[in-house]
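Listed below are the structures to be examined.
Here come two complexes built around chain A, the first alongside chain B, the second alongside chain C.
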Partner chain A sequence: MFEAVAFYLFAFLTITMFFITVTTSQALYALSALAAGMIFISAFFFILGADFLGAVQIIVYTGAVMALYAFGMMFFDTTREVKEKQGNKYIIVGLSTLAAVLVVVIFAAPMVSENIVALYPAIEGVGNTQEVGLVLFTKYLVPFEVAAIMLLVAMVAGIVLAGKKMDLSITLMNDAEIEEQKNKKVLS
Partner chain B sequence: MEIGLNHYLVLSTILFAIGLVGVMRRKNLLLLFFATEILLNAVNVAFAAISHYYGDLTGQMFAFFVIAIAASEVAVGLGLLIVWYKRHSSIDLDALTTMKG
Partner chain C sequence: MDTAYLIETIIKVVVILLIFSALAGIGTYFERKVLAFMQRRLGPMYVGPYGLLQVAADGIKLFTKEDIIPTNVVGPIFKIAPVITAATAFMAAAAIPFFPQFTVFGYTVHPIVADLNIGILYILGVMAVGLYGPLLGGMASANKFSLLSAARTAAVFISYEVVSGLAILAPIMMVGSLSLIDFNNYQAGGISDWIVWSQPVAFVLFWIAAFAETGRTPFHLIANDHEIIDGFGTEYSGMRWGLFFIGEYANMFFISFVIPLIFLGGYGDGSMLGALGLIAKVAFFFFFFLWTRAAWPDVRPDQLMWLCWKVLMPLAVINVVITGFVMMF
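And then the complex of A and B:
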């Protein structure tokens, strides 16, 4: 009973938040709604007994990803409207629903044919975090290390891409210097 | 009223559909990234639910890797977006069509 109430409450909240994210024209509203939606998603993980995944969801999404977006938005003029050209609404909604159903079919097909075998069954008597640690550092050690290298590469790429010409500040330059910079940019 | 696996899969479908509508409708590149996050989260919910109802930890492991991929995608994507905005001072998706395909 309690589980059902929690499920329906958080399902409603998550869907509402994500709906706001994709429909609002203000980037700041979209960012806030997305952050709230991420927190509500982590509630499902707690209901499902995946405590560690829920904690990681909160830390990574609301802590890291949202902060990154918030800092990234400082570079953009988000108050300016981006013109939204309206296509055919029915085609878009129809295609989206079709693709989403396809995803569920992909997930459900092995269950219907009863092909699912628990490869790494849950261990009795230990908490979720301990279980995750046991599986992650034995069976999934190589993917784990590859993911670590991927994150390192992404970090270097982010710094190299966004950090270019960060030492130049237009507000601290006089007009002649700004003109000079502009000419340099055109030539390069 | 028992909450089963089907409930979670239906929820995952709804969230995935919302994300796809966002990807197809929005012309603002920043909001396109937000929609991508929604897609990845929808799949994560399905992974965690299957992991719970089958007593198998593989689903949770894959959810972790999906989160790692989402984080690195944001770092690289936002870097590219900042470079693009510095060049063209616009994050309109239609302005990206420079190859006249």
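And then the complex of A and C:
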């Protein structure tokens, strides 16, 4: 009974939050609703007994959305409404409905035809974290390692893009040295 | 789910809420007294004996003050931001074992609301959500100082979370579990079993990250009075501002519970002496927060980021690698 109540409550909350994210023209509302929706999703993991994934969902998405806030702060006055360029409304509504239906079909079709079976049934007496580790390092080892390499590539690319003056650190300089650098127009 | 379990859980939740919101108030009294003695002042003296009733006076002031929502702020976000800070602080407490289990009238009580098998991850994750309070409060206020404070919150958040996560990884590898009760049982043998002896680097790193996480001096840059007024709190009045305060102090107490539980043996073997020992450790860590505030200057935001990313994070990674090698061979 509790599970059903919790499921419907969080399903309603999650959908409401993401609806606000999509429809509002106020950047702060959109970001906050996105963060709230992402955190509410973790409730489904907890209801299904996947505690580890639930906690990871909270940790990962609070950090990710926090980075989005930083961008929002840079690009918008977040206390004002953003004037959106309104295109043809019918095309927007039609395309988004089509996309939503397609996503549902993609995920629902294997379930309806009952093609999904658990290849790695849950092992008795082993904790949640260990189960995730077992699957990650046996069945999904290659995707896991590929993802790691992609992240490494992205990190190196980010450092190369951002690190033009990495031999200089303003934190380690005293005021006189910073002034000197300013005069040399290196830091301008 | 039987009724006895439900009633027990509700009672535990209410007790934790009451005790720690009261402790948050008394914590402000301790902070003012400790700071005063370190600066050769008397601190609060006039309300009640030794100023003890100052807490009640402050509480009455906060509760009865007008709740002002300034014009030009983003109303709903502005109103909900303090609630996030206070609520997440108490939500994190759900996975902390405050005492060893004890028996009352033949009924065994486990003083932990939910013994999740991923306790420490849950605590760190939910405590991190607490920083959304300052961020949202700062961004919703139509005030440049608040916005600066919000930007600093984002910087602090992104910097410290990597350090605390990587620092905690080495003890987790040794214990092989994420539950704080397992951490405690691992060190139940006595002082020589404490994880701090085998993981001193992780201990210091986690402790430093705890200061950034609770936003205490040296990392108090989110709401530095002398630079950005009160940062995110500038536009708040009355109990909404008080909720930020309760959240901050409750977080300090909870992190003071978590550090001894992970590194310093927690409540030990579960005897009365062990429980008292845990309280003593919590008191020390809480006192240390106040001590640093009296003794250290604040760092600049760029210094904090430099420290976290260029000094602490590499140290944490090296620590994890060395721990792995030692455990393997």
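The rule is simple: the second predicted complex is superposed on the first by the 137 of 188 C-alpha atoms of A that agree within 3 Å, B and C clash if a C-alpha of one lies under 4 Å from a C-alpha of the other, contacts with A are read in each partner's own complex, and residues count from 1 in each chain.
Quick note on the criterion: contacts are C-beta pairs under 8 Å (C-beta built on N, C-alpha and C of every residue); 3 or more make two chains touch, one makes a residue touch a chain.
This structure is a prediction, so every number in the text was calculated from the model and none was measured.
In the superposed pair of complexes, A:Met73 makes contact with chain B and with chain C alike. Once the two structures are superposed, chain B and chain C can be ranked by residues of chain A touched, with B on top. In the superposition on chain A, contact of A:Phe2 is made with chain C only, not with chain B. Once the two complexes are overlaid on the shared chain, A:Ser32 sits against chain C while remaining clear of chain B. In the superposed model, A:Ala64 lies in contact with chain B only, and not with chain C.
When the shared chain is aligned, chain B comes close enough to touch A:Thr97, but chain C does not.
Within the superposed three-chain model, A:Gly127 lies in touch with chain C and out of touch with chain B [touch as defined at top]. Of the two partner chains placed by the overlay, chain B and chain C both lie in contact with A:Val56. Of the two partner chains placed by the overlay, neither chain B nor chain C lies in contact with A:Ala43.
In the superposition on chain A, the residues of chain A contacting both chain B and chain C are 52, 56, 69, 72-73, 78.
Contact residues of chain A toward chain C in the complex are 2, 26, 28-29, 32, 35, 39, 51-52, 54-56, 58-59, 62-63, 66-67, 69-70, 72-73, 78-79, 127-129, 169-172. Against chain A, the residues of chain C that register as touching in their complex are 1, 72-74, 76-77, 116-118, 121-122, 124-126, 128-129, 131-132, 135-136, 139-140, 142, 147, 150-151, 154, 157-158, 161, 165, 177-178, 300, 302-303, 306. Put simply, chain A touches chain B in their complex at residues 1, 3-4, 7, 11, 14-15, 18-19, 21-22, 27, 30-31, 34, 37-38, 41, 44-45, 48-50, 52-53, 56-57, 60-61, 64-65, 68-69, 72-73, 75-78, 82-85, 87, 92-93, 95-97, 99-101, 103-104, 107-108, 111, 116, 118-122, 131-132, 135-136, 140, 143, 147, 150-151, 153-155, 157-162, 164-165. Residues 1-3, 5, 7-22, 24-28, 30-31, 33-35, 37-38, 41, 43-46, 48-52, 54-58, 60-61, 63-65, 67-76, 78-83, 85-86, 89-92, 94 of chain B are the ones touching chain A in the complex.
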